[in-house]
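Per-chain numbering from 1; labels A, B, C, D and E assigned in written order.
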Amino acid sequence: MQNADREINKEKISVAEMAKQILEQGRADRLMGWKRGEFFYDNSPAVFENLSELDDFVYDLFCGSNLSKFLVKESRKDGKIAVLLKPCDRYSFNQLVKEHRIIKDNVLPVEIDCDGMLDIDKIRALGIKGIKKITVDGDQLQIDTVYGPKTCAREDVLLMKCLTCKDRVGGDRFELVKEIEAMSSVERYEFWRSELSKCIRCNACRNVCPACTCEKCVFDNDKSGIANKANTDSFEESLYHMIRAFHVAGRCTDCGECTRVCPQNIPLHLINRKIIKDLNEFYGEYQAGEDDFSKGPLTRFDLDDVEPDIVMERGGNK
Amino acid sequence: MQRIGVFVCWCGTNIAATVDIDTVVEAMKYEPGVVHASDYQYMCSEAGQSKIKQAIKEHNLTGIVVCACSPRMHETTFRKAAKAAGLNQYMVEIANIREHCAWIHKDRKEATEKAVVLARTAVAKLNLNTPLTPGESSVVKRALVIGGGIAGIQSALDIAEAGYEVDIVEKQPTIGGKMAQLDKTFPTLDCAACILTPKMVDAASHENINLYTYSEVDSVGGFVGNFNVKIRKKARSVKADICSGCGICTEKCPSRKAENEFNLGLNKRGAIYIPFAQAIPNVPVIDRDQCIKFKTGKCGLCAKVCPADAIDFSQQDEIVEKQYGAVVLATGFNPIKLDNFDEFGYSQSKDVITSLELERIMNAAGPTGGKLLRPSDNGHPHTMVFVQCVGSRDTTGCGKTYCSKICCMYTAKHAMLIREKYPDVDVHVFYIDVRTPGKNFDEFYRRAAEDYGVNYIKGMVGKVAPTNGKLLVQGSDLIADRQLVIEADMVVLATAIEPDQTAKSLATMLTASIDTNNFFTEAHPKLRPVESPTAGVFLSGVCQGPKDIPETVAQASAAAVKVIGLLSKDKLMCNPCVANSNELLCNGCSNCQHVCPYGAIDYVEKEFRAGGKTSLRRVAQVNEAICQGCGACTVVCPSGAMDLKGFTNQQIMAEVDAICR
Amino acid sequence: MSIENKEFKPLIVAFCCNWCSYAGADLAGTSRLAYPAEIKIIRVPCSCRVNPMFVLRAFQRGADGVIIAGCHPGDCHYTTGNYYARRRMTLLFSMLDFFGIEKERTRVDWVSAAEGVKFSTVMNDFSKKIHELGENRRLGDLRCKMPIEK
Amino acid sequence: MHQKTQLQAETIRLISGTNTRKCMKCGKCTASCPAFAEMDISPHKFVSMVEHGEIDKLMASKSIWKCMSCFACVERCPRGVEPASIIEAVRQTVIRKQNNNYLRPENIPELLDPKIPQQALVSAFRKYSK
Amino acid sequence: MTFDYYPGCTLKTKAKDLDIHARNAALALGIELEELPEWQCCGAVYPIARDEIATRLTSVRALASARDRGRELLTLCSACHHVIKRVNNDIQTDDEIRNKVNNYLAPDIEYNGETKVVHYLEMLRDTVGFDTIREKAVKPMTGKRIGAYYGCLLLRPNNVMAFDNPENPTIMEDFIRALGAEPVLYPYRNECCGGYVAMDDKNLAAQKCKNITSSALERDVDMLITACPLCMYNLDINTNTAEETKLPIYYFTELLAQVLDI
């Protein structure tokens, strides 16, 4: 998926250095990257307009957030904006370019490397507190804490989405989906009911989702006929996640942001993954955002597509 | 808030016997928006309609629900009535309480309950209806016929006779098509040229018909009433306006290697040639792949001998751009290639020929001057074997799954003609089934068998082995349950026919659909057999499915009538139940454009003003004249910007809610 | 939930395309081919007009089954609509199944305008299935923390 | 149709993997068969006889030992029916019965022929015995 | 390029000529043929019956072994080629057969039809190239009229064998041209020689072979070539007994070795 019009870090200089050079050499007027937060683990997306602003620039183990979505707005502003794209972000970027949401001509995509981002909650869950500094040592992390040095396996504290990164070899991203599929329909219902009942409708999943960039979201639009404003047993309220999953079906790149940001830790990505798995099985392998031109599986068809009965014929419902 | 009137029809006893009308009327009075509810024995009658009209005026209604028979039956009737009373005709909803209720349920209570639900569902929908106005579009009073065979010629002549301009685009240097290659026609045995050539002349001389021969359609844009077509006039290398058609050039041309396509390669032609004597236009064309001048730069003999100085080696392809109101597809057919059927030895012996080749051999203007001669040695054949269904009715992928329809009859014709002219020739026909539905067809086939002694064998040929100058034809005779070997001089293969390959690209250009066999699909297989599902595109001849000449001509005229009907209108009323994009919501993602079967959606960059700022956004726009209102776009639209008038998201949701109440 | 053993009267929504299946339903009516009254038909121009949201809405509002009927593949009045519907509905049904909604509660069938008998057979068959499955209350409750009181 | 014959026919269809209903009775198989002269039941009849459940007759037929499995009928069939596979299925049904081998070593005088390739013996025993 | 080579039973005994010349010629043409270790007889006839699993196993063993070694599997004898290629196709297309075979063999890695089966002639055409043979021909057979006898096993059924046009094949004719000789087309080159039926009904095979050779003789051939030991046997014993049908028959590899002067 490397296009000619993309910057690729050939010399393997640091990402910060790259960012600096881009602004210095005027290859872009602005640069979208990550800004150091109040704490070392809460880096956030930011636009840098000049070199001095770059002092706050950061690219480290806590830059999990996907920058693509911000370009919907940013690429519509004057001038050219450079954007740093981790391998997983590129899919979202391509998908948004495909849907004309990002004005491609106004963007300089810069592809950067990533070895997986960390999940602060997982580190904390290991009982590691008072963290001062984290350094990578092969498969291990050396963590400097106020209580002395600690170590943990890097693999154990990666973000969920990084565990099944599309650039990593091995690992079956559909493993959990298959587990749920293997349940009985009552178990499946109970599983989702218990998970989805945790939802507080904070809309974080929608807000972060790079596939959710509608000018006006149906959930905010009471005239669409689909939504009724929040009301505990209203249609959109009770089926919010189902509707959203279908809304992004065929367009979801499986970036995993929804689960990453969910304050209630609902494994929302599993719904999208189920759809991706079905699409792959029914209509052939398809990765949304693999390129920025091909038609998605729901906007095309084959004359000999499977009949909907296939759902009936495929196991499950034990 | 709507003011709705509900009218419940008894339909005599059809509805009233099973549905308690009073209960329905009473229940409707309490539905939101309903200000009037009444019933009548026959709502569709004059009296019933005037009751409705009266109520509309009296109660100042904004919309009506008629609980009656299927909307497919009387929706138009009630719309007209509403219109007459000053209502917008799309403020009418029908609750189908006859076909979908009274007629299928026996239990009166159950049926009444259902009728109430159906009625309130219609009310719920109507509450969200808005008046709709059909759009209008103009009609260019000119038709394009693609293909200049008998189908195209007939369509063009009929349209031209009605007073409209017609252009025929034909890719060959002459019009005439396959029929021009035929010798005689079944079941009357009149000569094909004798009945076709006058029509060709008529077409060429008709003041309303314009011929583009040796031309192809490059691109098509626009929609019904306003097609915009680019036609490529291929360079003939001969100035058609000067050429007198004397033919000296074709005689003098020293290149003699090219296969004569008109005679299916049974003899050769020059590099500059006129396909056949009666060709129209009677203007030669230079085959640049064969011409010595074009290949080596030397020669140019044709230019030297031309008395009119009409040869032009520098001629270029020319693009003509024209507008049309309607398009007739008449692209015809070809016999399939026989590469997958080498057991019949077509590639191994010259004496194994296709039926179309036999037509040329039998034709007085053909390569043998009409004498039946074996191609290998020009000898007289004594035994001939015809094989039916070669490549037809084949589900293995080697041939075509369909019946080619014409073969049984032309084989009977061939067999009969041969037996008549050369009674010494034994003629055997291997058949799987003989299919002769058609006026005087079976009689014709039986005559071949009974009067002319053609030996019909129920069975198939397994192998043709060219041996010792003969063809050993190994076949089965299923009636006798035996295998037999016939020592034949010639084998004639009734080769399956397939649509001309141009059908595929034209289908894409016109968004006219083709089936798995590349035949054009008709709008309805029974009720709209000459229309393509794409408005303004009509079908004529074999491009729609295998058919013989009379059927082709009938369909060609039918297509012409449809075209005339269309062109006679000054304005076209468009179905107002079309897609509509809410530009404020549109993301510009192109999903709708991907699924639209008609190419009715375009994208434009548009300026939007919000909060004092203007921004440029890409938004979808529906061309209402092209949109047919299927609604595919509404479902793929991620933002909910695309909706379908008359069947909006809100309306259907309201119907769901009304049912699930 | 009601404890009484009342007779189960399911609620079934059928979306029928105007050109084939709705006409097929008309033919079933004209031919007096009965099917249960619990089936209520909504007319749509084409099976591709059926937004998955409509199906979800029906279930959320208490439908026990939803069936979508369209022209046979290849016979769509709009040439390609049912192919899109086929993909969408396959995906939707699979997703519903993933959430624990019995897949027998959803169905797509192709019924032409000439298939009155088929229309009635399909509807009878579908209704029988729903009767076997019993009441469907699950989807509306999917995100509710408390069981709905009735 | 009788239950037994029905079962027999079904077994033949199963073993051969062929759908006999696809046959349109054109007879191209019989037209192609190089062993026709030696056959008492022609290839096309195998298809229709399975369809009609006349398996006993087929099992007694001489044809099953004459088919050379040359696949000319399979190759040329316009409907994808495989007469050779049906014949094979019948042949298998016969030799799978105990003591029903068609060919026994002592029957082959050619075994003494020094030229005979192994392939011939192996294939003959595979085809004619169990 | 190196192929895993499956010679088959007959090539070790009665058809040594077919085998030895093939190995020598391959070597001369820069192709390495490594004999598959511990191969077993393919069974000589393809088990048409779908319910036969045991008779498919030896082919699958050979195929899996080649897969494990990462090689294409090269065959020479028409019967072996036919059997192995069709079994491979069964594994690729028939779930039931694949599962049963894998359950039975229980290989370390399930065999799912990964191996490509190549016939020696295909190797000559696609890997070596007939032009190379023409260039390397030391003693071209100029002026010889040679008829190719294909038989049935290489060609049919075409949807599986995908060897050549089943009714009008050309690969052997192209091969003959590469030898410098003139190929002669005759209509019975793809008709059956009688095959295994010769064991039961000598007359039938004799009749079939007579048809073939007389069809070839009618076209004035000097000799026939074949790739199949059984065809060779049938044609040989049935035609070379009578003077009027006498016709030399060679394995194609014999002529190849001769032309390459090995």
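Please note the rule applied: contacts are C-beta pairs under 8 Å (C-beta built on N, C-alpha and C of every residue); 3 or more make two chains touch, one makes a residue touch a chain.
In this text the structure is predicted, and so the values were computed from the model without any measurement.
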**Prompt:** Along touching chains only, what is the step distance from subunit C to subunit E?
**Reply:** 2
**Prompt:** Can you list every chain in contact with both subunit B and subunit D?
**Reply:** E
**Fewest hops from subunit A to subunit C - one hop per pair of touching chains** = 1
**Asked** Out of D-E and B-E, which chain pair has the most contact pairs?
**Response** D-E
**Message:** Can you compute the centre-to-centre distance for subunit C and subunit D, using the mean CA position of each chain? Integer Å is fine.
**Reply:** 49
**Message:** Centroid from C-alpha atoms only, then distance subunit B to subunit C, rounded to Å. What do you get?
**Reply:** 34
**Centre-to-centre distance between subunit E and subunit A (centres being mean Cα positions), rounded to whole Å** = 56
**Message:** Two-or-more-chain contact residues of subunit E, please, as numbers and ranges.
**Reply:** 166-167, 191
**Prompt:** Residues of subunit D that touch two or more other chains: which are they?
**Reply:** 37, 72
**Fill in**
Among all residues of subunit B, those touching at least two other chains are 343, 396, 463, 595, 636, 649, 653
**Message:** If I apply the definition of touch given earlier, which pairs of chains qualify?
**Reply:** A-B, A-C, B-C, B-D, B-E, D-E
**Request:** Note which residues of subunit B are touching subunit C in the complex, please.
**Result:** 70-73, 96, 98-101, 103-107, 110-111, 113-114, 117-118, 121, 513, 515, 521, 523-525, 533, 577, 595, 597, 628-632, 634-636, 644, 647, 649, 652-653, 655-657, 659-661
**Message:** Quick check: in the complex, which residue numbers of subunit B touch subunit D?
**Reply:** 343, 389, 393-396, 398-399, 432, 458-463, 474-478, 481-483
**Asked** Where on subunit D is subunit B touching in the complex?
**Response** 22, 24-33, 36-37, 42, 44-45, 72, 76-80
**Item:** subunit A partner contacts - residues on subunit B that touch it in the complex
**Value:** 516, 584-591, 594-595, 603, 615-618, 636, 638-641, 648-651, 653
**Item:** Footprint of subunit A on subunit C - complex, ascending
**Value:** 52-53, 56-57, 60-61, 73-74, 80, 83-84, 86-95, 97-104, 106-108, 138-145, 148
